[in-house]
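The two complexes that follow have chain A in common; it is paired with chain B in the first and with chain C in the second.
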Partner chain A sequence: MIKAILIFNNHGKPRLSKFYEHYTEDTEQQIIRETFHLVSKRDENICNFLEGGLLIGGSENKLIYRHYATLYFVFCVDSSESELGILDLIQVFVETLDKCFENVCELDLIFHMDKVHNILAEMVMGGMVLETNMSEIITQAEAHNKMEKSESEEQVSVGFLASALDRKQRRCIVSV
Partner chain B sequence: MPAVSKGDGMRGLAVFISDIRNCKSKEAEIKRINKELANIRSKFKGDKALDGYSKKKYVCKLLFIFLLGHDIDFGHMEAVNLLSSNKYTEKQIGYLFISVLVNSNSELIRLINNAIKNDLSSRNPTFMCLALHCIANVGSREMAEAFAGEIPRILVAGDTMDSVKQSAALCLLRLYKTSPDLVLMGEWTSRVVHLLNDQHMGVVTAAISLITCLSQKNPDEFKTCVSLAVSRLSRIVSSASTDLQDYTYYFVPAPWLSCKLLRLLQCYPPPEDGAVKGRLVECLETILNKAQEPPKSKKVQHSNAKNAILFEAISLIIHYDSEPNLLVRACNQLGQFLQHRETNLRYLALESMCTLASSEFSHEAVKTHIETVINALKTERDVSVRQRAADLLYAMCDRSNAKQIVAEMLSYLETADYSIREEMVLKVAILAEKYAVDYSWYVDTILNLIRIAGDYVSEEVWYRVIQIVINRDDVQGYAAKTVFEALQAPACHENMVKVGGYILGEFGNLIAGDPRSSPLVQFNLLHSKFHLCSVPTRALLLSAYIKFINLFPETKSTIQEVLRSDSQIRNSDVELQQRAVEYLKLSSIASTDVLATVLEEMPPFPERESSILAKLKKKKGPGAVSNHLLKTRKACLTDIKGISTPSPSADLLGLRAGPPVTAAAPSAGSLLVDVFSEAGVNDDGFLRFVCKNNGVLFENQLLQIGIKSEYRQNLGRMYLFYGNKTSVQFVTFTTTLNVQAKPVEPLIEGGAQVQQVINIECLTDFSDAPLLNIKFRYGGALQNLTLKLPVTINKFFQPTEMASHDFFQRWKQLSLPQQEAQKIFKANHAMDTEVLKAKLLGLGMALLENVDPNPENFVCAGVIQTKAQQVGSLLRLEPNAQAQMYRLTVRSSKDTVSKRLCELLAEQF
Partner chain C sequence: MPAPIRLRELIRTIRTARTQAEEREMIQKECAAIRSSFREEDNTYRCRNVAKLLYMHMLGYPAHFGQLECLKLIASQKFTDKRIGYLGAMLLLDERQDVHLLMTNCIKNDLNHSTQYVQGLALCTLGCMGSSEMCRDLAGEVEKLLKTSNSYLRKKAALCAVHVIRKVPELMEMFLPATKNLLSEKNHGVLHTSVVLLTEMCERSPDMLSHFRKLVPQLVRILKNLIMSGYSPEHDVSGISDPFLQVRILRLLRILGKGDDDSSEAMNDILAQVATNTETSKNVGNAILYETVLTIMDIKSESGLRVLAINILGRFLLNNDKNIRYVALTSLLKTVQTDHNAVQRHRSTIVDCLKDLDVSIKRRAMELSFALVNGNNIRGMMKELLYFLDSCDPDFKADCASGIFLAAEKYAPSKRWHIDTIMRVLTTAGSYVRDDSVPNLIQLITNSVEMHAYTVQRLYKALLDDISQQPLVQVASWCIGEYGDLLVSGQCEEEEPIQVSEDEVLDVLEGLLVSNLSTPVTRGYSLTAIMKLSTRFSSLNRIKKVVSIYGSSIDVELQQRAVEYNALFKKYDHMRPALLERMPIMEKTATNGPSETVQTNGETDSTILDTKHLPSISQPASQVGFLKHGFSIQTCAHFRSNPNPNIAVITIHATNSTEADMTEFVFQAAVPKTFQLQLLSPSSNVVPAFNQGSVTQVIRVLNPQKQQLRMRIKLTYTHKGSPVQDLAEVNNFPPQSWQ
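Here is the complex of A and B:
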């Protein structure tokens, strides 16, 4: 089972946190900090797996992570998951984000948190994997987007601010 | 077209997020957030009704604030209101807020449940999925109560959309995990299993997680999934890389699903059906073959996906542990990975090999990789990989390579990462003990361990070396010589001083002949460390000194002088002062004979499980000390006499320690008793009394406790007999029970016995036995002992005779799932019918003959009498002589009673 999915940047700022087991808000924040601390001190190009921090269950759980440009994607899983399988799942998640946002970058995650959550919900539900097929996930996301659009037609649509705000930070996170 | 168009952002939200990001300090950020929270609060409280768009915007802002780690204590009601909107956008954001922010005990659950109910019955697949997601995310018991009946129906209904089916499967799984008693599969079982055959791979992906979990809990009912999983796997494995279209990931067909299928098969033994098994073996061979083919793509994702399947296949092969051919191939494959340039693969290969080392077919094959593994331990950059290498060395260790492995581990310890040192120390200590051929090597190893990593050497480790030295007289001289040499070092670890003090105190005489280690030299050496040590070590050294007086009368005056000095006899620490005073007095008034008796050499310790092994088990959880350890340990125990226990298997598997070893000298001395005293509840004898009423509950060197008891209806009377086995009286003898008992005589003369009567009334059913705490002084030392009194619920049984017809009628009446408790367990004793009958009669129920159609089975009936109520109980025990297993089923009108009876009885046969 996947216990938690965390995305934070190189400075430890959380960009997405999704817990599939209940923790108090305080503990969740501590887990994010602890995980960042564990993952960020590791060299590049070493193993992508390590034992989980104490707060999230110690050696019973593994942290499986990938580091893309400015972001860490960390999945905390128990022993019932295949390590390499989860590594692929992270890749599928990132590639899906990349297709949905067209060259996804950290800012997209910040300004479209709800959408990121929705895409994740198409893949993982209650800690178990729902769907691994990228085109299926994208189809669902597109369908939702269309629905959203038709509903908000009457509302004032506003230009996307992020790129104008700080263009410098638009670093794509994947190069597929 | 990108799925998320960037033109539809919410301006207010974007501005707010930018503001936060532009904040220069944490204070500024908090200020901006508080301003926004106040704004949103006033908007929510305001008179003007908010439109859906604004509500959505504010809820999004709250979500963002929450992500930054700030508490959100409002907005929940607004989110709940969004759920009943007809617009997807609003509904979706409402559900998002709830799944992120609402925990399972919120009082809003009822309102949320209502909205979910509406959406589930809406037949709009998008809304249904949103609702199912919400249930899976919150997963509270109330939700389970409301929806556990509904969701299986959605899952198997013919007209449910695939995407809804997927969500329903995982939603059900979540509910099953939180409230298994509410999710009743029964009639759905076979239809759920057949989801493995579904055309839509997504449905299979979701369903397999559900089926795996259910199979783990109810293997028998889901047995049919094995053949379905094998045929599905075989279809995937043999398909060309383009067959599965979108489920092909970097040229690998459906890797995720393949892994999950292989995991599911690991819940079961190898298939019995020859055809199914043949097909599966073929699959596994194909997977192993594919690993040798040239890659279809250079991308790392391709090899990742391929290897994910390969590792799962290898796990399955190891799990079956029955195909020598496949096992050796698996081992060779892992051997290749050990030298792979990808760190991830090296890590996983080391991990898998650890389990492979426990298989008798492949243990030798694993051993051939020892040099590579040692090299990994020395050169890997990543500490998590090094740790796996250390684990594997530990697992592959046997008599032939123990010396090499222990030496490597010791040298690694000097530079090992701090986080794993303690575990490494334990492992070295265990291996050294387990494979010791000559004990001088063992002693050297442990002393080296203390020298290199003294801080990480726990008490268990140095207790153990002392136990072994005391129990084996052929090593005592060597041990004394070695510790004497080790203590010469200018700086030595306190643990070394402890071991040195103890061993020289006992066996210093064995090296006293050499003028370089004459008694006075030994004493001066020890005493030179005294001032640097902590109080417990000093106390131990004082005891060593008094032993010196006995061993070497010529040191008496020197030592008496030390004891008499103010720093000892007026020490502010009570323990040290007391020892100094008592030892001084003892040395001056006791005659040589008395002194010799009091300070006699320690008797051998009773054999029991190594406390170090118990510690490692505790550290890693009982399951984690994998069976290879137990297996190899069993093998070696027969070799090392003197360390082995009389019944290795019982000892190894039982985590409970034996009776407390108070290790008192046979005479009145209480010297060094503290070193080995042991706390904790002793419930060793407890289980022996489930089926009988009289016998010996507890016995050690000092004390024997016997029991006689009788029960009638809901009343009982228990006589406890405390026998003093020594020749000295026990003073201030008290017993306290967490229920009321008549006081007992405070004094037990040497060799005498006192009696205590306890009257028992059963008010209602119970699971925890009363605890009896016994305290007394023997010699100077306070002894403390806690025992579980063998009062169990079955003592209050009234047997009930009934005919076959009546029995089955009542059996059927008690058909609620919680009324039944069942256990399947291995026989611990020979399956003798007469013995079984006697035990069942001892249980207190009536043993009914000619009721069960199968004469091998036993059925019993009885009524438990408590003051509050009577609980009728039925029992059925089905022995399977071939498998040496029992299945025990208990049904009673009260669920706690069924459970407790089942637990108690499962330990009896």
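Here is the complex of A and C:
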């Protein structure tokens, strides 16, 4: 089971944090800080696995991370997940983000945090891997976005209609 | 009031803040605006406000006042609102807040919604944070969705079912009929999540496990199709077809095949095929191979397959990718107990990993090396391990040193080699060795009679170089005290004897007494050593002077010793030679451990001097107090009639005949209220395997009311990597121990 998924930059600022186990708000922030501390010390040519910090379950849980340019993608998992498999999962996640955002960079994650959450929700649910097929995930995410867009267009057109009716009424009154 | 700003605006504003205080100010202002907007019950902008709140929550600011708003959003009809509402619920709510129960009805309605995306949202939220009450209410809906033909919903329902089972295990039976044709799906997403569901059910209940064993042929078929199917663009990851699904199926096969001959039989072919056909140039191939190896080791596979698995691990060790090496070392550590010989073949590669730059790899390699040491390779391995001890990080040194001591004790080819190895460890990592190693070493040295001269000479030379490492200094001063005469007479056979005079030796020992580097314990050792030399050396006056100086030392322990030694010179000079003569050979199982004889030299002297009360020790009666497969504790009750007839002295010996050591062994005892208990320190906290040695500990029980002695004992230790706790009652003490 995946306990938490964290994305933060080289200075430790969180860009996405999703916990699949219950922690208080304070503990969540402490976990982010502790994880950043552990992961930022690692050299570039060292393996990508390390034991979890004390707050997140100690040596039973592992931190599997990948460093892309300015961002760290960290998955905290317990012993039932395959470490190499999770490494591949991180790769699939990043490639999916890349396809959705067209050459994704840190700014995209900053300004579209809710969209990133939605994509992640299509991949991992309740701490377990739901879907790993990139095209499938992207199709679902786009369908969601379309639904949202159609709703907001309805709203705009309704508002348009309302204001048009309003103007007609006024013209009628004026003409009268 | 003006429309609340968009999320993007907020983010842009916050990013312009230059200090933490500025950021906090902006966020507080925005929070106030959001709060008043919530109070106005504004439907149009609620979703925008909650989105901003979630962003602020991620940065670490309190956002609990938005919880009810999330619920209102979930209840709305619009998809946009529901989406943000459910996201907010997942991030802000959990089962500790009472508010979450209000969601149950909304989720129920949404699970039956006409749009699949809304149903999906509801399933997702339930699967992430549903409490046991919610799960109980909604399990029926989830089960219905598990049988639907819509693959988008089916896969989500499967994972939701896993969450329900985790929260409320009794509901597992409910999902059983729905699993019947889960595996005949074509959609890989559904297949994947179904395998996860089946895995969860098998792990939780042995009945389910036997029920699902009949699925093995189907799983094997699916796996075969995946391997043989050739290129399929939608599931391809770096040239392999859906590796995630392959890994999941292999894991389920491992659980199903464990301990069952028929299933293991059915899997043998496909495992061999995967092991030989998978391409290893990319990480995905290695992930599959790794999973295959773990499966082969766990099920009842034939020996050819096991050898193949270990060879794959050996190949992993040579891989350039450090992740692969790490993973290989971890799996080899798990299998070294069962397939010892096969792993031995890769010993040289493992030893090379000790020189790796990566800390995690070094630690794994060290543990594995200790597991691989045996009588044949001890010399070569020890050379490598000592080199590693020289160059490794301080965190490793303690573990490495104790490992080396254990290995040397078990497999030392000769006494001289053993002593040389110990000397080497003491000089390189002396300050990191564990406290109990000093008495163990002293005992070892005492018992190797023919090496006394050689040992004392080497220790003396080491002392001349460096007096900062306390364990080394303690052992050295004890030896010089015992065998100083051999040192001065230059009797060494093993190596070139050095020319040392009595004064030089006494200089060194006195130097220890005054040095700032010496701990109080070390000073005690050296004072006692000087005293012992009074019978071996001829410069009595000097020794008398030193001893009398310390009679007024501030340190109470030193003072007591010095005063008693002074008394020995003055009043009891006729007893001095007998008292201070050579220590007899100590046997491990019969005594209380040399730590007590060395430290309490002062006390034992005084009780023996007190000739009016002679200690009488009745015949020790030993019986087995506790026996559990391979591990036994023997109690040996002594009874001293004087000085206090109510004290019973019990010695426990713990031995271990299993094939793995028991480390961190702690013995605790409790007695009924009328008794008083004193536990003295144990000889060590590692019980070696195969009855190679034992841990002894002395217990003193005060029994003023002469009641029958009963004791409840608790043992905590680590065996084969996992902590164990045992409780037992010991009632069979012989009557003479308490009468």
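What we mean here is this: the second predicted complex is superposed on the first by the 153 of 176 C-alpha atoms of A that agree within 3 Å, B and C clash if a C-alpha of one lies under 4 Å from a C-alpha of the other, contacts with A are read in each partner's own complex, and residues count from 1 in each chain.
Assume contacts are C-beta pairs under 8 Å (C-beta built on N, C-alpha and C of every residue); 3 or more make two chains touch, one makes a residue touch a chain.
Being a predicted model, the structure only gives us computed values, none of them experimental.
Chemist: Regarding the shared-chain residue A:A121, is it in contact with chain B (first), chain C (second), both, or neither?
Modeler: In the superposition, A:A121 touches chain B and chain C alike.
Chemist: For A:L89, is the partner it touches chain B (first), chain C (second), both, or none of the two (neither)?
Modeler: Both partners, chain B and chain C.
Chemist: In this superposition, which partner touches a larger number of chain A residues, chain B or chain C?
Modeler: When the residues of chain A touched by each partner are counted, B comes out ahead.
Chemist: Looking at A:H144 after the superposition, I want to know if it touches chain B, chain C, both of them or none. Which is it: first, second, both, neither?
Modeler: both
Chemist: Which partner does A:E60 contact after superposing on A: first (chain B), second (chain C), both, neither?
Modeler: A:E60 contacts chain B only, not chain C.
Chemist: Under the stated touch criterion, which partner chain does A:T27 make contact with: chain B (first), chain C (second), both, or neither?
Modeler: A:T27: touches no partner chain.
Chemist: Under the stated touch criterion, which partner chain does A:S40 make contact with: chain B (first), chain C (second), both, or neither?
Modeler: neither
Chemist: Is A:F49 touching the first partner chain B, the second partner chain C, both, or neither of them?
Modeler: Touch status of A:F49: both partners.
Chemist: Can you give me the overlap between the chain B contact set and the chain C contact set on chain A?
Modeler: The overlap between the chain B and chain C interfaces on chain A comprises residues 14, 16-18, 20, 22, 25, 29, 43, 45-50, 82-85, 87-89, 92, 110-111, 113-114, 117-118, 121, 125-133, 135-136, 140, 143-144, 147-148, 151-152.
Chemist: Which positions of chain C touch chain A when the two form their complex?
Modeler: 7-8, 11, 15, 51, 54-55, 57-60, 62-64, 78-80, 83-84, 87, 91, 94-96, 115, 117, 123-124, 127-129, 152, 155-156, 159-160, 162-163, 188-189, 192-193, 196, 234-235, 237, 242-245, 247, 251, 283-284, 286-287, 290-291, 322-327, 357-361
Chemist: So in the complex, which bits of chain A are touching chain C?
Modeler: 14, 16-18, 20, 22, 25, 29, 43, 45-50, 82-85, 87-89, 92, 110-111, 113-114, 117-118, 121, 125-133, 135-136, 140, 143-144, 147-148, 151-152
Chemist: Which stretch or stretches of chain B touch chain A in the complex?
Modeler: Per the touch definition, chain B meets chain A at residues 1-11, 13-15, 17-18, 21, 53, 60, 63-64, 66-69, 71, 87-89, 92-93, 96, 100, 103-104, 126, 132-133, 136-137, 139, 163, 166-167, 170-171, 173-174, 201-202, 205-206, 209, 212, 246-247, 249, 255-257, 259, 263, 301, 304-305, 307-308, 311-312, 343-344, 346-348, 381-382, 384-385, 620-621.
Chemist: Under the definition above, what is the set of chain A residues touching chain B in their complex?
Modeler: Counting only chain A, the residues touching chain B are 14-18, 20, 22, 25, 29, 42-43, 45-51, 59-60, 80, 82-85, 87-89, 91-92, 99-102, 108, 110-115, 117-118, 121, 125-136, 138, 140-145, 147-149, 151-152, 155-162, 165.
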